[in-house]
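Down below are the structures I want you to see.
One chain, chain A, appears in both complexes that follow, with chain B as partner in the first and chain C in the second.
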Partner chain A sequence: MAKVELDRLTVQFGDVSAVDGISLVLDQGEFIVLLGPSGCGKTTALRSIAGLQHVTSGEIRFDGKAVTALSPAKRNVAMVFQFVSLYPHLTVRQNVAFPLRAKGVSSHEIAKKIDWIAKVFTIDDILDRYPVGLPPGSRQKAALARAVVRDPDVLLLDEPLSAVDEQYREEMRWELRHLQKKLGITTVHVTHDQREAMSLADRVVLMKAGRIVQVGSPTALFNDPADRFAAFFIGSPGMNFIDLTLAADGLHVAADQTLRVSAPNSVLESARAGGLNQIVLGIRPHMVELTSEEGPDLLPATLLDAAPVGRDLQAQFTLAGQTIRAVLPLEAELRDRRRLRLPPAHCVFFAPDGTRLGER
Partner chain B sequence: MAISIPQDETARVKRAPKQVRTLPDSWLCGLFLAPSGLILALMVFYPFFSLIYYSTLQFSMMRPRIEPVDVGLGNYVDLLSDNEIWQRFAFTGKFVLATVLIQFTIGLAVAYAFQRNFKGRDFLFTLALLPMMLCPIVVGFLWRYMFNSEWGVVNWLVSLVGIARIDWLGRSENALWAVAVADAWTWTPFVILLATAAFRGIPKDIKESAEIDGASPMFTFFRVTLPMSLPILMIALLLRLIDAFKQYDLFLAMTGGGPASETQTAAFALGKIAFGYFHTGEASALAIILLIVIMGLSMIFVRYLTRLSNRA
Partner chain C sequence: MSQIMLAVQGLNKRFGSKLALDGIDVTVMEGEVLGLLGPTGAGKTTTLRCISGLHKPDAGKICLAGQDVTHESPMVRDIAVVFEGFNLLPTLSVYDNIAFPLRSPHYREDESEVELRVKRAAVDLRIDHLLSRRTDQISGGEGQRVAVARALVRRPKLFLLDEPLSALDLKLREALQSELRDMYRRRGQTLVYASHDFLSTAAIASRIAVIDVGRLLQTGTLAEIYADPVHRRVGELIGSPSMALLEAKVRDHTVTIDGYSIPLQLSALRIAGLANGASVTIGFWPEDIGFSMQSAPEFAAATLWATDFRGKDQAVEVRFGMNRVRKVVSTDLRLAQGDPCFLHLDPAKAFVFATSSGLRLRADTDRCEGQ
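Up next is the complex of A and B:
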């Protein structure tokens, strides 16, 4: 259990910076998720922490001590890989015992440790089986048990749940979170699945092109995205983006002056200060409301399509040629309600280049 | 030259499919397989069964006019009660163990070294495979000269260390190792080749897992790399054992089986009985015995391999 610091960490492959000078501090026992699209550098960052990846520049510290030059074995890190990395020629028990054997722990001590870890991970019944016949979920549990059994300072997880079936993944997520809290190991988890990130993390580190876009709690990332990329990447279904035109008398939906939209003064001011006449409004589909009232700020829209999804009704509207998705209550009356309300508290605004406008 | 198909011919092909009457599938299969089946029968089964038949006879192919005598299992009884034959098998066993031991020790070590990326690796790898491509009799003479007790390079090296000249090929206990070295020199590349393939087949994630688990290179090699390469290494071992067991040419070139018959392998003895003394019946029986030994060896391996593959 260590405090982990990344200090201007850079990893280059030839001319390409896979990780481009990221700095980050992980508190003891914290569950951090590195999130981002493929190629964003999250796995490279993880492998750097593990010691499997040579770092071009920058420093990695565990509890204030630089480990950048140490081999993986000397860092006391544990790692679970995306695809199962259990040793196929060993039983689950022998797999879990492997890191202890490698360290020269006595057989008696090993037996005790395995008893303990088997209970924690509920793998008693598969201890004497070979990995090959086991379902992916059980295999990853065994891999986690092997990782954790020797009290690592840092636990590194490289998309460990992506090989697990969808139905089972949900359950594994809860279990993983629960176990991490129980064991209190500082954990770095890499994933491209934003739902996984949101449900697991104490803090999410959103990355893009080797840099950190935003660091924060899942709620903060959801409600207060740092830029358009963060807004787009997090949330399902994804955020609506509506092009607006900034005229002298205020904002309206691009291509239709009658569709007026209000925005906080800070947004208008910073847009005008930047000399912008086009800005983008972002709103999550769950926040879009449907109403039969009439008023300023209520936008008449045309229904394109609607489908019930579980307890929700997912609908698509068009507004002056732009599509808006809305997640409505199942009982919503679509027929006579054709006006959309975009509650100002849930609207965020971006400049055309994606930067956030106004106060955060 | 262009081939032109007459108009009516193409027309017939086009409307044909339904009308063509063919033999039942099983007949067709049989028909297609028949030529290779026939060749197999002629080339394998006929000699094999005639060998079994000859092994029950007392006769010599050099004297076809002397009527063969049916002795039943007499040839086998004679051979197995002959002390000399047992000595040939014992010598063969020692030679097989010696050469295979050298091949695998060096082969695995070199294959392990080739895992690392270093400059000139591919060139060295190709170079390391060269001995395998030489013809055995050439290898035999090459090493015979090197082991020559008067002017061979091996004794020259030995003299540098200050040890007296060694009679490498004239004494059977030395000759065993000399020929084993020559055989190992030829066939270690084969072990290198297969071991390299086996080592490379181990997933990167597994190797990195071991590294992170804190395993030393030694620990990783013996607990992960070697066990995971076992299926391929076992096949390599089986092939090397069988080949070493049948070794003939090297002894012919290097020692001629001498002194006396001390460096004759079982295969060498077989050659001598068959084409030296022309005791065809007895030679056939010995050939069958050799075959049974090799088949027994193979069956042990196959059983072990099946067990391995059932687990993985």
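Up next is the complex of A and C:
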């Protein structure tokens, strides 16, 4: 268990910066998820921490000590990959014992360790079975047990759940969360699946093109996106975006200037300061409200389609030619409700280049 | 008025000694989107392959728009199929891939008509800017859209989609899910959508057929299935989180759930015929389970085994005895793994399943007693 620091970490492949000067401090015992689309540099960053990737510049420190120049074997990190790599000719017990034997731990000590880890991971019943024929969830658990049995300073997980079926994945997410907290081991997990990231992380590190877009708790990423990319990438169904124009008398829907939208002063000020006359409003579908009232800030919309999804009603409206998605309670009354309310507290605003406007 | 577009009766298919399909009966109305939901290996693909004519069933009958097509070749069935892994023709452009079915000898169309339809499908799927590209110059997500567009250019009687989105990353999958649903609704087309993922099935389908080990367990709207799940596997496959299935024992006209200190008073009818000490499985939809961090009357103590913050909401896994419950709870609650917590299980919301067969114990003709 260690505190991990990345200090202006840069990895270049030829002219391309796969990781472009990222700095990040991971607290001891923290569960960090590196999230982003493919090519964002998350896996390269993870491999750099493991020592599998040559770092162009910057430093990596474990508990204050630089490890940048150390080989993977000298870093005391454990890594689990997407495809489970258990030795097929060894039982689960022998697989888990393997890293301990390699370190020269005594048989007595190994037996004690295995007893402990088997309890923590609830794998007693598969200890003497071979990996072939085990369900994927159990294999992945055995691989994790093997990774943590020798008390690594940092546990690195490279999309370990992406190759398993949705049902097992759900199971493994719960297991992983429980075990990580129970073991208190500093963990870095890489995924492109925002649902998985939100579900596992203490803090999510959202990356794009080698840089960090936002670091924060799942709630912070969801409620307070740093920019339009973060707003788009997190949450499902995705955030609604509405184009607005900024005139002397305030904000209007771009496609229908008769419709007015209000925004906090800080948004208007920073938009004016930036000389913007076009900005974008973002609101999550489950924050959109439907009403039969009339009022200056209520936007007339036409219902396109509504369908129950699970225990929500997912509805789509057109507002001045743009499609707006809303997640409403299943029992929501749709007839005679023709106006949308976009509660100001739940609206976020972006400049045309995607940067966030106003106070955060 | 809508008519029956697809009627499948008593479909059986055997591969060697393995019975892959065991008496599948299903009806799909014109304009309906039926979700075929089941785990990997349940028989979803085999069902679709039998319907499309790529497999010959060992027994059973398949009627398409009132016509028996069981023994017809796939070519003449007028069904469009999109499988996972979409098989685009690599030497052709995106345009020619989409146009392919319209140029087949069976459905040959004028080139002017071909162009019209290809463009319309490409606009619908937002790939009209890619038409001149070769298929090895587009991304996986774009390739998937091309495969769907290729199926869309025709107006077949029936579309079959087999996990068409599972290879895509989540963001694309979600975008395509709602696009697909909108598109089929708008066009009034009939679709069977097979998937192992509850959320995507729920997002697309108007009715769901739950399939497991070659059998259809239940078919209905989500609301119908929630109100009346017929088998514990239905509970396991439906919902997010899915149904809590609790191990319990019958004791003197009550049911004792392992680890839950309050015995459940179920009406005599619902556990009729069960001996003292018999095992049953009690199912609760997570939404019907009361959760509190403070002790309260009718709430029994349990432990927070893991938590799951998800931004919009948070979920918890609670354990007691050999049982566990997963549930979405308010984000206002401050929770930590290992905390004590309290659950309320309302007997009126309980579904009783036989532990051995998994079947719902049918003595409980309604679960609204006491309401």
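Going forward, the second predicted complex is superposed on the first by the 360 of 360 C-alpha atoms of A that agree within 3 Å, B and C clash if a C-alpha of one lies under 4 Å from a C-alpha of the other, contacts with A are read in each partner's own complex, and residues count from 1 in each chain.
We adopt the following convention: a residue touches a chain if its C-beta (ideal position, glycine included) is under 8 Å from a C-beta of that chain, and two chains touch if they have at least 3 such contacts.
Here the structure is a predicted model, which is why all the values come from computation and not from measurement.
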Original post:
Which touches a greater number of chain A residues, chain B or chain C?
Top reply: C
Original post:
Of the partners chain B and chain C, which touch A:234 in the superposed model: first, second, both, neither?
Top reply: second
**OP:** May I ask you to decide whether A:256 touches chain B, chain C, both, or neither, giving the answer as first, second, both or neither?
**Re:** neither
**OP:** Could you look at A:198 and tell me whether it touches chain B, chain C, both or neither (first, second, both, neither)?
**Re:** second
Original post:
A:37 contacts which: chain B (first), chain C (second), both, neither?
Top reply: second
**OP:** Once the structures are superposed on A, label A:59 by its partner contacts, choosing first (chain B), second (chain C), both or neither.
**Re:** neither
**OP:** Using the touch definition from the top, say if A:50 reaches chain B (first), chain C (second), both or neither.
**Re:** first
**OP:** Quick one: classify A:289 as touching chain B (first), chain C (second), both or neither.
**Re:** neither
Original post:
For the complex, which residues does chain A have touching chain C?
Top reply: 37-38, 165-167, 170, 173-174, 177-178, 181-182, 192-195, 198-199, 217-219, 221-223, 233-238, 284, 286, 304-305, 307-311, 314, 316, 325
**OP:** Flag every residue of chain C that touches chain A in the complex, lowest number first.
**Re:** 39-40, 169-171, 174-175, 178, 181-182, 185, 196-197, 199, 202-203, 206, 221-223, 226, 239-241, 287, 305-312, 315, 317, 326, 331, 337
**OP:** Spell out the part of chain B that touches chain A in their complex, as residue ranges.
**Re:** 203, 205-206, 208-216, 219, 223-224, 227-228, 230, 311-312
**OP:** Give every residue of chain A touching chain B within the complex, in rising order.
**Re:** 50-52, 71-73, 76-79, 81-83, 85, 87-90, 98-99, 101-103, 130, 132, 146, 150
